[in-house]
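A quick write-up on the structure given underneath.
Chain nomenclature is as follows: A, B, C and D, assigned in order of appearance, with residue numbering initiated at 1 for each chain independently.
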């Protein structure tokens, strides 16, 4: 009954096998092997256009280096107030950009409200150097709150971003889960919506350690090789990342794994809906579930072996909880079993 | 009728005279002249204890280098959501700290609400490296909203800060105006309240360019000489700053100038209270006045020669203004004349 | 005949097996799993004392974050003029330290000459803030030139470093090769010599991606968890690195692999000594060999399938090469075969 | 007999007068006053073309922000090994560029040798990301060694820089002294030689605090307003810098002051040439004189009231001094008197 995080899972066997297969012999280091090139080509196919792909080691690196790539002096990134880049990356986005500010935008359910975005941007004026200059908008798809931007909202945000000459970045740490939940293609979810840069995460969905930064306009990536190397994210034996991605895309493995974790989360959602001691904190459709649970029940669940994290309530919902309640996060992963979920459902009933 | 900013005023004649007097002959550079030492001693007297004083060139430098002095990896500074360090320094605080995050705390009238501060600090946990680590709380006295922290509020904030092992920094860009408005001594306003570091500003109050960082515990300043030099803020002919400060403190000039600008602002406040086309946006007691003015009236005032800036409403008060209203800032300075203020009062009546 | 770099080799089968074995089931992320803890304990045994161990993804990260951990404002790292941290890390050490300067020290064969180190340190004076302040000395063991510091030289450097209150850092990207070549224990090579921090590399010696920063005084590492996370080097599924290290240390695998690559390099050295068209540029004892080769011969070797890099001559040896000669680097790895080396020997004879 | 530094002098009376005259009344802050604009126009005339001018507070700021303006990820600045930016700015250039490396180039008498510059640049290769990428060459005119680049050498350096697509920066902390010594016009010394950015210093030559960054191609300066503000170098009452520059250029004051200090230095040089206890360490023509002095004599001079600094010998001349000798720097300034110099000449005879 471990619902702590999808990064508690190890790799899928196909990933393990790919590492074993691709480790033999000599291969050019630093991204220039045949396998690296083949995987880059694979990304082009997945996204239905020529993209620039850069492997990195962590999602934090993917996000932070993305911002570094489009930063301007006094740069400001507009993001949701509870975005992962603000709350969970220990200042790495600010560090890698030498101090770009993450400007918090409010919005329900972890999603930027385009109206608020527009209003915040009005606070900046190109003639007023003191305020700094916006340089990017970042959205998480799905977000830390497990929710998904509707297509129309993404379009609205992209429109605002581009009207202000800002790059639109998408944090796709759980990108596959969003695809499966919406039935959109990778292209429909990203560049067809106006996304300029994507942090493409595979680690949480069955890999060991496979993240990538995707530029939909390769021209914008010309300085990125230096940005990545300077950021200590250029691995020597890059075929170890490449091999993971190769297996990840093979026969749609990535979407199958995400479909499984989303489905397991559906069962968790059902269990919460059926419980009289807990409820969904807000509606989600991906592999993350947020629950308001009676404190006694939370203790009982943990005593029975359930593992999950307490979660900070959103800034805008400080009154979310009654005195005897706590907010927790439940995450299903590719290796979550139906049995685990059933035991949890029984325990919380 | 120029109420644009107190930094539109030139220096007081006594400052000019001091520069003329102290420019002759040779004097050791980089802060080691007799005059520099005498001014440091003067600061000890002003604050009634031994302090470490470092001259810098701008208020932005004073604030940013203060944070740099107490920063920790993944460091977070808790500040008001509309603090100058967030809204008006083009990311310098983040830049000089290599990416410390300015965490916005809400509170009415530009003042941090201790309750909100406490709640925000609960989001951090020493065992959870992802969130980063708070390292300082900063308050402006008076703040960008022209308001003043009551003594009890400062005490509460200091208590919270020190309980969490955070430094308490005060942005005193208009420090003298706060002293005069409260009738507190420099000591009572700062270290007796628990303030650890003060950005002491004199530029806005009759100097050309005289700012200082004050450490109330000189031991904490041991690395600051390097921090300042690396930050390009160690002037060679520091007697230029020292001479200004010497004159500034002479015969209480600094408090007289601040008393004058506060009094001029009182007249502005009276004029707003008497007007049917404008009103104070929120109550202030220092030399800054914020007014909600009918747009027609604002235009009329400008046509008659009044100079003042439009101002962004606080994030928490987006509904502050009616459709036909605008928010403006009026600043009185040491050189504002009663005549100017009367003309303005007539115009807005 | 691939002698391009030891990072062209894939992982040793035991490493692959360890990854397969340790991937199953759920395990706590971010370094807190039982396996992570077991590996930390293993490091204590390897180094015969309690150390603080932090996994990171690249050698560049290990070096750069080490410096960040001991940096001071205006900090200076004293290093060999051709150190990897200067020549091959794209400014990452400067980037992660926010601008610490790498001060180049000359010395024959890629080794810092203690006499030159001492002389350079005399240029700094605690009362002269302009020059900045030294904060660390870094040595590579073995260095980019493939050479090894004699014990007495290390002792001399450590003495100078500590006399000046500087941390001594060792870049051990090929640490095992140095151990095998000298027959010293890990303890004898490091903390018994006065080394404070070690970049412990395993990637080049049979792992996929396994690097660690070792603090011999765990107290000095208290801020390092934040430094690593902010630097985007905290992997979620850290058991991936832990599993590699576990296998690496098992039954002395790491020393066996290094012994093999050193031995293969011995054969390369013999081949050069026997050739009339090439010679060793300077004497080495580890798995890196530097050769002055006639340009025609270099071309011939490449035509026959040999892969190796041209190398920049040391700054101090601009006259190293005759007109018709080139400097090249040959690296043997754990997977280099005797057959490969023999073919090379025949080709260069 | 104070020859410590030209920054020990106060301001010339004309500078003081200008400050007094221009302080009255209100004027727009942050560089937008009529006086600011007039001074910008003055710079256009001085340099015989339209330039972009940005006032800053220190020479360190001017140099560091210049590099920040043209930096690239992994950027490298090629400079003389004993350049001020390396030896005397406490890492500010690295700090403001977030870690650009200052790559030391050797050359006699403090001047970059174009041959060495060319050779160093060969070490970089656009396909080899590890080495970083050169982004600028910086020369000091005159340099820290008091010497002046001949026109042909500057042309050679500019040619090499531009061939490699690098910006050429000139550190003109004592720019006027170089102009007077060479009889070249400001244009002939800078953009006609291929200089792209100039740190224009006036502080050492009779101002209180007046430095500027000059871009000879204003298009390249579009982001500089943000770079300066973020760097805490945007002064509010900029007319205080503007007023100094206005007086500085009036009736050729700046060249007269530099001519005086150069002439005073000529007398010092004569005194050294005539002495049997001292000699010029290397030939200079500006207001800095470097002398090898017998230690006894140095002590005697100081006992008689002479003030001057000991100086680190160049890295390339460690054998410059005999056991009983020391290297010292003597600087003449606009306020150095013939009487002072004569007393010194007598004392050292």
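One rule holds in what follows: a contact is a pair of C-beta atoms (placed from the backbone, for glycine too) under 8 Å apart; a residue touches a chain by one contact, two chains touch by 3 or more.
What you are looking at is a predicted structure, and each value in this text was computed from that prediction instead of being measured.
Chemist: Report which of B-D and B-C is connected by more C-beta pairs in contact.
Modeler: B-D
Chemist: If every chain is reduced to the average of its C-alpha atoms, which one ends up farthest from subunit A?
Modeler: Centroid comparison gives D as the farthest chain from subunit A.
Chemist: As a quick test, compute the distance in whole Å between the mean CA positions of subunit A and subunit B.
Modeler: Taking the mean C-alpha position of each chain, the two centres sit 40 Å apart.
Chemist: Taking each chain's centre as the mean position of its Cα atoms, how many Å separate subunit B from subunit C?
Modeler: Centre-to-centre distance between subunit B and subunit C: 50 Å.
Chemist: What whole-Å value do you get for the distance between subunit B and subunit D if each is reduced to the mean of its CA atoms?
Modeler: 34
Chemist: Spell out, as numbers or ranges, the residues of subunit C touching 2 or more other chains.
Modeler: In subunit C, residues 73-74, 89-92, 95-96, 98-99, 129-130, 132, 226, 229-230, 234 touch at least two other chains, as defined above.
Chemist: Within the complex, which stretch of subunit D touches subunit A?
Modeler: Interface residues on the subunit D side: 30, 68, 72-74, 98-99, 129-130, 132-133, 223, 225-227, 229-230, 234.
Chemist: Under the touch definition given earlier, write down the residues of subunit A that touch subunit B in their complex.
Modeler: Its residues touching subunit B are 73-76, 86-102, 104, 119, 122-123, 129-132, 312, 318.
Chemist: Write out the stretch or stretches of subunit D touching subunit B in their complex.
Modeler: 2, 4-5, 7-11, 16, 19-20, 22-29, 56-61, 64-65, 89-92, 95-96, 203-204, 208-209, 226, 229-237, 239-240, 335
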